[in-house]
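Pasting the structures in now, so scroll down.
Same chain, two partners: chain A is paired with chain B first, then with chain C.
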Partner chain A sequence: MKSIYTAISILCIYLLLTGCVKKEILDEIYLIESIGFDHSKEKSNKGMIVGTILYPIYQPDQPPKNKTLTAEAHIKKSVLQEIQLQSANPIVTGSMEIVLFSKELATNEGVLELIDPFQRDPAVGSGLYLAVVDGEAKELMEGNYGIRGNATYFSNLIENNIKNEDLPKTNLHKFLFSYYQKGQTPFMPQLKRISKEKVLLNGICFFKHGKIVHTISPQEMFFFRLLVDKYSNGLHRVKIDEGEAAIRSIRSVHRFKLTNRFPKEVTVQIKVHGIINEYTGTKVTPKVIDSLQKEFEKEIDEECKKLIESFKENKIDPIGFGHFMKTQIRNFDLTDWTDSQFQNLIVKLEPDVTIAEAGVIE
Partner chain B sequence: MSMSIPENKKVSPFLVFFIINTMQFGIGVLGFQRIIAKYAGYDGWISVIITGIGIHILLWMMYKMLKIVDGDIVSIHSFVFGKTIGKILSAFFIIYFCLLTVMVLRTYIEIVQVWMFPTLETFWFALVFLAVVVYANFGGFRTITGIAFFSIVLPSYILAIFLFTIPYSEFDNMLPIFEHSIKDILTASKNMSLTVIGFETLLVFYPFIKEPEKSKKWGHLAILYTTFLCLYLTVLTFAYFPEKQLQLNIWPTLTMWKIIAMPFVERFEYIGIANWCLVILPNACISLWCASHIAKRLFSFTVRKTVPILALLCLIGTSLLFTRTQINFLSDLVSNVGFYLTFGYIPLLFISTLIAKKVKKK
Partner chain C sequence: MKSPLLKKNQKMQELVKILKKSNDFKHVQYMNEQTEEHFSLMFMSTMVEEKIIHESILPFLLEGNFHRLEDVKKIVPLEEIEFSEDPLEIEKKLFNGFVVLLLEKEKNNYCFLGAHKEVGRTIGVPEVEFSVIGPKESFVESIEQNLNLVRKRIPVKDLIIEEQTIGKYSKTKVAILYLENMANTENVNTVRQRLQEIEFDQITDSSYIIQIISDNQNSPFPQLLDTERPDRVSSSIIEGKVAIIVDGSPHVLIGPTTLVEFFSSFEDYFLNWLISSFFRLIRFFAVMFSILVTPVYVATLSYHYELIPRDLLNALVASRMAIPFPPILEALFLELTIELLREAGARLPTKVGQTIGIVGGIVIGTASVEAGLTSNVLLIIIALAALASFTTPVYRIGNTIRLLRFPFLFFAELWGFLGIVLSFCILLIHLSRLTSLGRPYLEPLYPPRRVDFKDALIRLSFKHQTKRPLFLNSKKPERISAKKAKEKKDIDE
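Our next item is the complex of A and B:
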């Protein structure tokens, strides 16, 4: 009998103590889904950062309404503080989907200081997307895209392109990983607003010391992904004399090999396993497939080399050749990797394309 | 000074596996990767294996000693050093086990405060938690063993959860192997001790095992399993973080969960941390039990008196630690004391026991 009383009293303590931490009811907070950062436009506020937050207002039987709030401040946390002055409910960062930086800000000021709070905040997941906006972040966020809210639209856009198309894997963790990895530099996808209802993924921006130094176009993205992601997919058009074909790479694998030490030479083997999605010529014969494969291999070789050359020019190493060298050579010194040693690195490519299927018709 | 424990209070030999394993696998595993990488870089996984081998030897020594005196640590001390000195030495173990309880509890509360509820009061949480611990202690050693069993079986699914990080892992981070000196690797092994201490509780609960000879196998198996778990976590962590980024994270194991996003739960840490409460519950229970049991043996109090008194002391100790620095100081202290106690004192005690046995025979 005594033990029952003990049990009941302990239970009571538990029930009473549930009130000891702060409650957060979903309808009474602003769940930020996205934050955007811009340069201040006004001359009096030079050097200040404009922060825009985006939060959905859920309504019965309707798509969520996109609401934005904007404030100016010197650092990110104070942006949130300034915004708090305009908001009727507490702002919560627990379900952030994407952080946007205007290209101008990312090129001139850098993004590192702005990313630090997201890395520090335990409420923010590592799967958070980061993206550069070609134009103004605020303007992009004020549009109306899709039926599930703007932030979800942006993150779905990126996710879809990673899963099915040419965009290499990217998120907060990937960015920090390549930033902290010795012998590697980070990158982010770039978004552009076309109209009030349309957004375009229009390239990849490369960073050095937190600032954008180089951007590639969507056409180059396919080849960049072949180099940077171990497994990748995507679509590429190949033109031969008989016609033009759209080849979807189902699964590509790359492998790095250190083939020579003096001078340093790395061979990248790229295996592409593809199918023909579309062909403008008359008939897909084995001969056509053969020449398509050859042409594709040639293009991979050329384009990838071009990309690597442009990385060397800009002294960046998003593919992580430096890291690779470190794993292969004992006590490899990476201190001036991108500036000197990378410039002399010889990269050879060994593409191997196999086209297995040509669709349901012959 | 051996004592007889009634048969109905003893536990089966195979349960030793759960008691030792659960004591080792507690709060340390949340952050040990950073500490070993600090000294041995990404060769740290070798340190894990070395520590594991070391503990196997210590466990063998402990079993040998306990068999000679057929009792617990108090019997060993009085066998070797005589009654008075033996009692003083045993009293140190009470302090040690109390410190262990405080460290486990306070570190866990800190994690809850940092990751989930910044407003959580240390005192109230500690009060409730210790109330449960005291309640379990009143149930006797068998009840505690039951808790130990469930604390391994129920949260075991978490181990599979870590595999979510594999798409973002680069296992070549660990190459080249043996880039650090033997000295560095051993230093890392030493500093890992906080993670693996706990097996010394065997010195106290040995008389509670039915057919202790048969439990040897299970004890060694427990240590093998702990080593395997630590190795598993180390390899996954090293692959997931670049070295520089790992050094920034206080609890890399928890930070790894940030990448997990499931359709039904946005962030896994909340489930994981809440579950961890179950993992540390037997840690606190067993260490408090050990402390109170030694106290009972030394001063012939009843457990009904020693347990609440020691729990009260732990509660005061826990509530007095406020900042990260203080908590860090405590865990460093426990880690150091634990290291010298297990890797220094136990071998010494082992040799003394053998000598004492020889002398007494003559």
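Our next item is the complex of A and C:
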């Protein structure tokens, strides 16, 4: 009797749970690795969005082939539906690496509506990279970069620059965090297609209300990273009278301090520990190191101030001074932070560079 | 009413009538040369050693001076001489290798002279539980020899050997071994009672006993440990466990036992504790791997493509490109192939068995990949899983693990990882309810007993083995005094 009950209950579980999971056999689906969004070029379709998906076709003993499909629609999910009409297998978003927006689209229309579905999709992780394309996203995606597929190439490019170079940490999570954080505005890296097989990381785009308002060059990225990210390990050239040196920062710490309340003044302490990678002069003496340190400090001070000035001009706050003020001052009003209060904020810099090593051939 | 004497005679004649149908029954008449007493000998020629009859019995009976049956004890130089008036005893003794002596004068009295023939193999090297280090003796089929192997390892009066006969036809001798003031009385009573209550016509091997007296006969998990190593048995007895030796079986049962004991080889105690702990952990990993890897493959490929690392996608998809089956059929095909190979390998004689390895490994494996029936990734996975299932030191649990894979596979196909978790829950529920001779089977994991972890997933050094396993509830829980176990300092220092 007991075994009959067991059998019945197992049968019930079987019947009740059968619909709970959706079967998606790996080789019978198209795994989108990247989506790109552009403006529609055709005049009749004005205001519509061109969506391009990139998925790999895997082959034995060969690198995966990149394949793209394109469709036009008003919002993102319907782009996928339109594309589905062209594909033989169901399209799934679970292994997406990067979402690309053309600069034109991001400047005029904004990206918020397009990002929204990704934050709702449970299959998409928050580590997804977002990037702006200087040019057309479709064109960039149709190139052929690296042997592991285009999307992997893009995401490795960004990952590598975050880990080892000057790009501050950025992904879907970070973007949404700084977007929803009061007193802070988001940013995205910018990619540019150079040729059919080359792509370049050529700056950072800053957003306000989901639209690009400002862009900085790769040279400025190093200083931007010193201001926003904890550890920076970028390379920077410093020129002194004796010669020119390339200094690699191995460790950097930045600290904000509210030094004055009326008028509001924030001091940013930036500590950089670096090593000399390359030196064109004759010999690295303690005197040279000293002057290198001084020169570097001066440069950090100037460049960072320039950056902050440009942010003030564009009424954006990617560093999050507003957020910092709110943590320091009770009942701090952030409603018109970037428009009025940020403009009057005095930012002082206290760079402190230590060069710990000058190479093994001493 | 017949007189009891007549009745006895009648019974005797009936017995002889049946016995005479067998050709190996011998009934010979003799006469003593001195006293001219007529006597006869009855024996089964297949069960007695004829040398003993010719050298130690007949010369003395023919030439010695005896008038009554009792005199035999004085003239025949044998240890086993018994007397009885019960004709039923004759049957029993005849088939146990005794010679029955009948005196013409004393029809109602029988004398039994022991002349057993020892047939059987000699003690050899353990084949199932071979260990490179440690004793190389293993049990044989004869219960006397097996008892001897254990007794000589525990030469104390506390070692109790209780024998009983089970099986209506097989009349198998079964012995319970335990240490009087060590083993928990409850455990001993449980074993004794369960053995006494066995109603079965034949007990061919100790495996029969395992299956009949197990707490839960519907469980795929063995609930008594069987071993062919006398050292393992004696060590278990000293721990406070009960051993069951069955005549005719080279495998001795040990109970109560726990699940983790099935993953500990006795060689673990011969190696340094660090090394043996490492091997134990490897074995546990191998078992989990063996059970879970194929279901995880099926579940991931059918449901959870998101979990596959980016760099692995190419290898996985490319290897499955040309395969016409869904992952489950592919996996079942290979799993069944491995099972077939194992089954065929076990049935074939050793010399032919080698061919099976070649056929299985090269022909079926490579060919099925080339023919596009299975992916080479899965082939590697299945081969590894099969290999891992053979790492268990006790053969019985290895079979259990092979069986467990299939329900996991089935549920993984139905509901993906949800199914694997569900089957794991069912397995855990089953295991936590299981008992061995009434003692928890999953101990020390459940119920959690910290002290017993000293010899479970890992084996700590002997310095830490100061207590007997808690679940045995031994009468002497202290093995050695913990104080004395501490390292002593060198006097020179």
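Just a few scattered comments:
Please note the rule applied: the second predicted complex is superposed on the first by the 342 of 362 C-alpha atoms of A that agree within 3 Å, B and C clash if a C-alpha of one lies under 4 Å from a C-alpha of the other, contacts with A are read in each partner's own complex, and residues count from 1 in each chain.
FYI, a contact is a pair of C-beta atoms (placed from the backbone, for glycine too) under 8 Å apart; a residue touches a chain by one contact, two chains touch by 3 or more.
Remember, predicted model here, so these are calculated numbers, not experimental data.
Contacts of A:328 after superposition on the shared chain: chain B is touched, whereas chain C is not.
In the superposition on chain A, no contact is made by A:194 with either chain B or chain C. In the superposition on chain A, A:95 contacts both chain B and chain C. In the superposition on chain A, contact is made by A:182 with chain B only, not with chain C.
When both complexes are overlaid on chain A, the residue A:12 reaches neither chain B nor chain C. In the superposition on chain A, A:126 makes contact with chain B only, not with chain C.
When the two structures are aligned on the shared chain, A:173 is found in touch with chain B, with no touch to chain C. In the superposition on chain A, chain A positions 13-14, 17, 20-22, 94-95, 123 are in contact with chain B in one complex as well as with chain C in the other. Across the complex, chain B meets chain A through its residues 114-117, 119-121, 124, 128, 131-132, 135, 167-168, 170, 172-173, 175-176, 179, 241-245, 248, 255, 258-259, 261, 266-267, 269. Put simply, chain A touches chain C in their complex at residues 13-14, 17-18, 20-27, 29, 31, 56, 58-64, 92, 94-95, 97, 123, 148, 152.
Across the complex, chain A is touched by residues 300-303, 305-306, 308, 310-311, 313-314, 316-321, 323, 326-327, 414-416, 418, 422 of chain C. Of all the residues in chain A, the ones that touch chain B in their complex are 6, 10, 13-14, 17, 20-22, 94-95, 119, 122-127, 169, 173-174, 176-177, 180-182, 323-324, 327-331.
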